[in-house]
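So, here come the structures, one by one.
Okay, so chain A shows up in both of these, paired with chain B first and chain C after.
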Partner chain A sequence: MSALGGAPAGGAAMDPISMVIGLVLAVVFIGITFVLAPLAVIPLIGIIVGGVLIGFGVHFVPVGGAPAAMGQAPGIATGVAMLAAGAGLAGLFGGAWAAEFGVVVATITGAIGGGLLMAITCLMVNVIYVFGMGIPAASGKVEKDPITGDTQAEYKSQGTEGHGLPFISFVGGVLGGLFGGGGGTLIYIELLTVYEQYLPSIFNATVEQIMPVAISLAGMFAIGMFLVNAVLAAYNITGTIEGPHDPKFKRFPRAIVASLVASALCGLVAILIVVVNLNLTI
Partner chain B sequence: MVENIVFGIGITALAGALAAVAGAAEDTESDIGSQGDPNSQVQLAPQMGFIHRIFNKAIAGEPPAYGLWCTLGAGLAWVFLIQDINPILALVLGATIATFVQGVYATSGYLGRTASLAKFGQPVYIDIIKSMLSVTMAHAFVAVFTTISICYLMNAALGHPFPLPLLGLVWGIALGAAGSATGNPFYGKERQYQNQQFGAGVPISASGNIVRYAEAGQRNSLDNGWFSSKLGGPASGICFGLIVFLELWRTILFEEFAGGWGAIIAGLVLILIFIMIGRWVEVYARKNYGPYTAPEEASS
Partner chain C sequence: MTAQITVTEGGIPHNTLMIYGIVGSLVLIYLTYLNTVTGTQYFSFLGGLGAIAALIWGSSTIKRLCSYGIGTGVPSAGMLAFGSGVIAMLLATKFGIASPIVALVLGFVIGAILGYIANNILAMKIPVMIQSIAELAAVGGMVMIGFSAMATGSFTFSPLSVVPVEVLGATVNSFGASLIGGGIIAAIFMLGSIALQHGFNACLGPSEKQDRTLMLTAEVGFLSMLMVAIFSYAFLGLYALIINVIISVIGWYYTYAQYIALSKRDAAAWLDSKPIVELEGA
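Take a look at the complex of A and B:
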C-alpha cells in the first residue's frame, strides 16, 4: 500500500446535509450579486476560486506548531493560519505589483511569491534543525517518503513523532505557498476590477483618481479573505499536519466547501460596499 | 532604463539588509519576551512543578503580533509623512509609538499569564518585568523600524501600489512567519531543553521540564536572548532577508521581460534551487548523523 493510501484520520467524512446547505447558500450569495450588480458576478466567481485555492493550499503546508518547536513533531514550528498567511500575503505583494500584466500573469506571479517564501522558510527550518541542533528530518506519519523513498522510522528520535521537514513536507510547503499566493492575488485582482468599475461613479471621479482607494480597499479585503480561508482550513486540520502525505490531508474536500461558502459571502459583502453606495447616490 | 535598474537593485540590496536585521531582531525579541510556540513550555512548566523566572508573553502568534505592530508603525509613519515630516523621523516616530504598544501588551501579557499560574505557585516577579521589558521593547523597535523602512522603500522608491499601512501588515505578518518558523526550534528545543540529549528531539515525556538554572543563579530570558542571538536570530535574519531581497530582485530585474513572465520564470528557478539545497541538507544529515536505531528495530 502506498504511503498516501493510509487510513484517513477522524473527521474526514463529509456531512451531506451541511454540504448541501452550504452550496445552496453560495448559490444564493451569487444570485444576490447577480441581481444587485450583474457586472460583479464573474469577479465574484474569481473571488470564490481564489478562496478555494487558499483553503486547499493550506492543507499542503507542513505545520508542526508547538511540538515542532521542541523537535517533538515534524513541520514548521508555527500556526497553520499564520504560516499560510505569511506565504500568501507575500505572494499577494508580488501579484499586486504585477496587476498591470493581467489576471493570469499577476496570479501566477503571486503564486510564485508565496512559493518562494515557503521554499526559503522550509530550507532555513531544515538548516536550523540539521546544522544548529544536529537533528535529521523524519516523518512520523509514513514509513517512506513518497517522493524520495527514504525510510523514516529509524531517523525518528526516541519519544518523538519525528522532526524537521522530510522532502515530501518541503515540497508540500512550497505547493501550499503557490496555492495561497495565487488564491490571494486572484481575490485582489477581481476585487480591484469591481472597484475600478463602480468607484468612479460613487466619487464622480476618474479611474486614475480613485485608484489609491480601490487598491487599498481591494488589498484590505484580499488580506481579510485570505485570513478567513486560512483559519477555516486550520479548523479543518485541527492542530498540526505534515503535508500532502498526512492522513489529515484527506479532509480537504470539507475545507473546499467551507471556503467556497465563506468566500462567496465575504465577496458579496466586499462588492455590496460599492454597489449599495452607488444605489444611494443615484 | 539602466539607471532605473541600478537604482532598483540598490534599493533591493538596502531592503534585503534591513530585512536581515529585522528578522534577527524579531526572533531575539520573541525569545527574550518568550513569545510563539516555545512559550507553551514556559506556561506548562509551573503546572508540572517547575517554577521559573522566564518572561511569559505569548500575546499572540508572532505573525499576527508583528502584523499589528508593523501596521501600527507604518500607519503612524504614514500620518506623519502626510504632515510633511521628514521620512526618517516619521518612521522613527511610528516605530517608537508601536514599540510602546508592544510594551503595554508585553506587560499585560506577562502579568496576566503569570497570574493565571498562581494556583501552581508561580510568582509574578516584578524585577523580571523591570529588567526584561526594556530589552524586549528595544528589540521590537529595531524589528518594527527596519520593517516599516522596507515598506517605505517599496512604496516610495520602488513604486509598489499598496499604501504604507497595508505593506506594514503584509510584511509584518511575513516577518513573524519567517522569524517564528526559523527561530522557534532553536529557542524551544535547543535552549529551553538544553538538559536533553543533543541531536535528538525532546521526548514528549520531558515536556515542561525546562532548564531553569544558569551558570550562576536562576536563568532568565536575557540569558535566552543571549543564546538565541548566536544562531536562531541570525538564521531568522537570513530567512527574512532572503525573502525580501529575492522577491524584490526577481521583480526589479526580470518583470519587464516577456510581459511579466520573466519574473515568474526567475522565481520558479529560485524555488527549484532552494528545493535542491533543501534536499542536499536532508541527505547530508542522514549520511553524517546516521539513524538513531537500526531500521529493523524501528519497524518492530
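Take a look at the complex of A and C:
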C-alpha cells in the first residue's frame, strides 16, 4: 500500500473499548473453566501463553505474499497461513517427540524445530532469489540494516519496495519460527496433560490405552489454535511484513490482545470436551 | 480496507445459498442416522454429500469476505475456517444425536467471537467480517462432521474414538485404530480446507462467475470425498465402501464435466489444442 503513497491500511490505531470487551471475554472464559474444571485452569493459562507467543511470533516472519513472488517486495513469497503452518507443524512434531521430557525441554525442542524450518526456508528463498531470479536482497523500509549496518538503497530496484531477504528479515524469520514452534508445542503439551488426566475415567480405560486419542485430540486442537492465532496475526499486519524492522511491527500489542482472547476461547472449548459428557445414546 | 474490490454480479444471492447450505448439510448428515435405524452402513455416503453442501455454502462466503481484499490471501480464510471449525466439531461430537446441530451452533458462536476480534480489536473494519467468519467456522465444523460421518458411519464421540478390533479371536476396544486416535481426522482437516478455499482462489478475478466458482468447489469437494471414501475402508464393510467410492466418482465426473463446460462458456475463445505439426526435413 505504501507504494501508492497512502497511509497503511488498518493503521496502528487501537480501539480501547473493543480491547476492554475482549479482555473481559477472556476473563469470562477463564472463569468458566475454573467453575467446570478447576484442575484445567493452569493448563489454560499455558495455552493462552502459547497462543500469544504464536501471535507475536508471526510479526517477526518476513511474509512477502504475491508481490515477493514477483520480486517487487522483500520477504518469503507466500502467505502467513502457509508459513505459519510449516513452522508451527515442524515445531509441533519436534516438540511432540520430546513431550515425555517435561514442558521446558519439549517447548524448547519445539521452538528449535520451528526456528530450524524457518532458517532453512529463508536460506533457500535467498538462494532462489539471488541465483534463480538474479536479484540482490534489499529492504525498502529502512536505510540501513539494523544488525549489519549495510546500506540498502543502492541495491533496491526502482519501482519496488525492495526484494530478497535482507539479513534482518532472515533473523526475524528464525525468531518467528522459534516463537511459533515453542507456542504451538506449549499448547499441545498443556492439552495433553489435561486429556491424560480426564480421558481415562471417561472411557474407563488406562492412560496407556487412551494415549492415541489424547495425542490426536491435543494435536488437532493445537493445529486448530495455531492456525486461528496465525491468521488473526496475519490480519493484523494486513498480509505482508518485512520483519522486526518494519513499521507494521509496532502493531503487535493489538495482536497480543487478539491472540489472548482467541486462545482463551479455543482453550475453553478444547477443555470442555472432557467436561461435557452427554453421551445421548444413538 | 473497507472498499469492496470485486463486485459480484448475478447468480444466486448469498443468503439463499447459506440457507440451502445449512438445511442441506444438516439434513444429509442426519440421514446417515439411517445406518443406525436400518442396522446397515450403506447410508454413510450421505455424510459426504452433506459436507459438499456445506462446502458450496462456504465457498460463497469466502467469495463474499475475500472480495473486500483482506490482504492475506484466500487460503488463510479457509485455514481460519477449519482451525475454528475443528475445535467446534470435536466438542460437538460429545453431544450424541445432537452433534451436527451443536457443531453448527458452536461454529457460529466461536466464529462470531473470532470475527469480533478480527474486526474490532484488530481494526479490520470490514462490514461482513463477523458474519463471514461465523459462517466459515460453522462450515468448517459441518464439513468435518460430514466427512467423519462418511468415513465411520457415525458422528458421535465414542464411535469416532474407539473401535472394536478382533485380536486373537477376542474383541477388544482399540483407540489407536479409530478416526480420531488414528489421526485420520488430520487428513480430513486438510482435504476439507483445500476444497473450501480452492474454488474462489482459482476462479477469482475479472469475469468470475458464481456458477463456475461453485462448480469447481463441488468438484474439489468430490475429490476430497473420494479420499474419504478410501478412508472408510478402515471402518466400514466392503459394500458400504463400494457405494462411497462409486457415488464419489460419479459426483466428481459430473461436476468436472460441468466445470469444463462452464470454463469453455466463459473463455474468450476456445481452440481445441492439437500437437504441433513437425515439418518434414526442417
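Everything that follows uses one rule, which is that the second predicted complex is superposed on the first by the 267 of 282 C-alpha atoms of A that agree within 3 Å, B and C clash if a C-alpha of one lies under 4 Å from a C-alpha of the other, contacts with A are read in each partner's own complex, and residues count from 1 in each chain.
Note that in this section a contact is a pair of C-beta atoms (placed from the backbone, for glycine too) under 8 Å apart; a residue touches a chain by one contact, two chains touch by 3 or more.
Please read all numbers here as calculations on a predicted model, not as lab measurements.
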item: Fit-or-clash call for chain B and chain C when the two complexes are aligned on chain A; value: clash
item: First, second, both or neither for A:G65, with chain B first and chain C second; value: both
item: Partner chain in contact with A:V171 - chain B first, chain C second, else both or neither; value: first
item: First, second, both or neither for A:A205, with chain B first and chain C second; value: second
item: Which superposed partner A:L186 touches (first chain B, second chain C, both, neither); value: neither
item: Most chain A residues touched (candidates chain B, chain C); value: B
item: Touched partner set for A:V276, first chain B, second chain C, both or neither; value: second
item: First, second, both or neither for A:V194, with chain B first and chain C second; value: neither
item: First, second, both or neither for A:A40, with chain B first and chain C second; value: neither
item: First (chain B), second (chain C), both or neither touched by A:G219; value: both
item: First (chain B), second (chain C), both or neither touched by A:I108; value: first
item: Common interface positions of chain A, toward chain B and toward chain C; value: 65-66, 79, 82, 85, 211-212, 216, 219-220, 223
item: Residue numbers on chain B that touch chain A, as the complex places them; value: 36-38, 40-41, 61-64, 160-163, 166-167, 169-171, 173-174, 176-178, 180-190, 192-193, 197-207, 231-232, 235-236, 238-239, 242-243, 246-247, 250-251, 255, 259-261, 263-264, 267-268, 270-271, 274-275, 277-279, 281-282, 284-286, 289, 291-295, 297-299
item: Interface residues, chain A side, partner chain B - complex; value: 65-72, 76-79, 82-83, 85-87, 89-90, 92-94, 96-99, 101-102, 105-106, 108-109, 112-113, 115-117, 119-137, 143, 148, 150-151, 153-167, 170-171, 174, 211-212, 215-216, 219-220, 223
item: Partner chain C, residues of chain A touching it in the complex; value: 9-11, 13-15, 18-19, 21-22, 25, 65-66, 79-82, 85, 203, 205, 209-213, 216-217, 219-221, 223-228, 230-232, 234-236, 238-240, 254-255, 257-258, 261-262, 265-266, 269-270, 272-273, 276-282
item: Chain A contact footprint on chain C (complex, rising order); value: 1, 33, 36, 70-73, 75-77, 79-80, 82-88, 90-91, 94-98, 106, 110, 113-114, 116-118, 120-125, 154, 156-158, 161-162, 173, 175-176, 178, 180-183, 185-186, 189
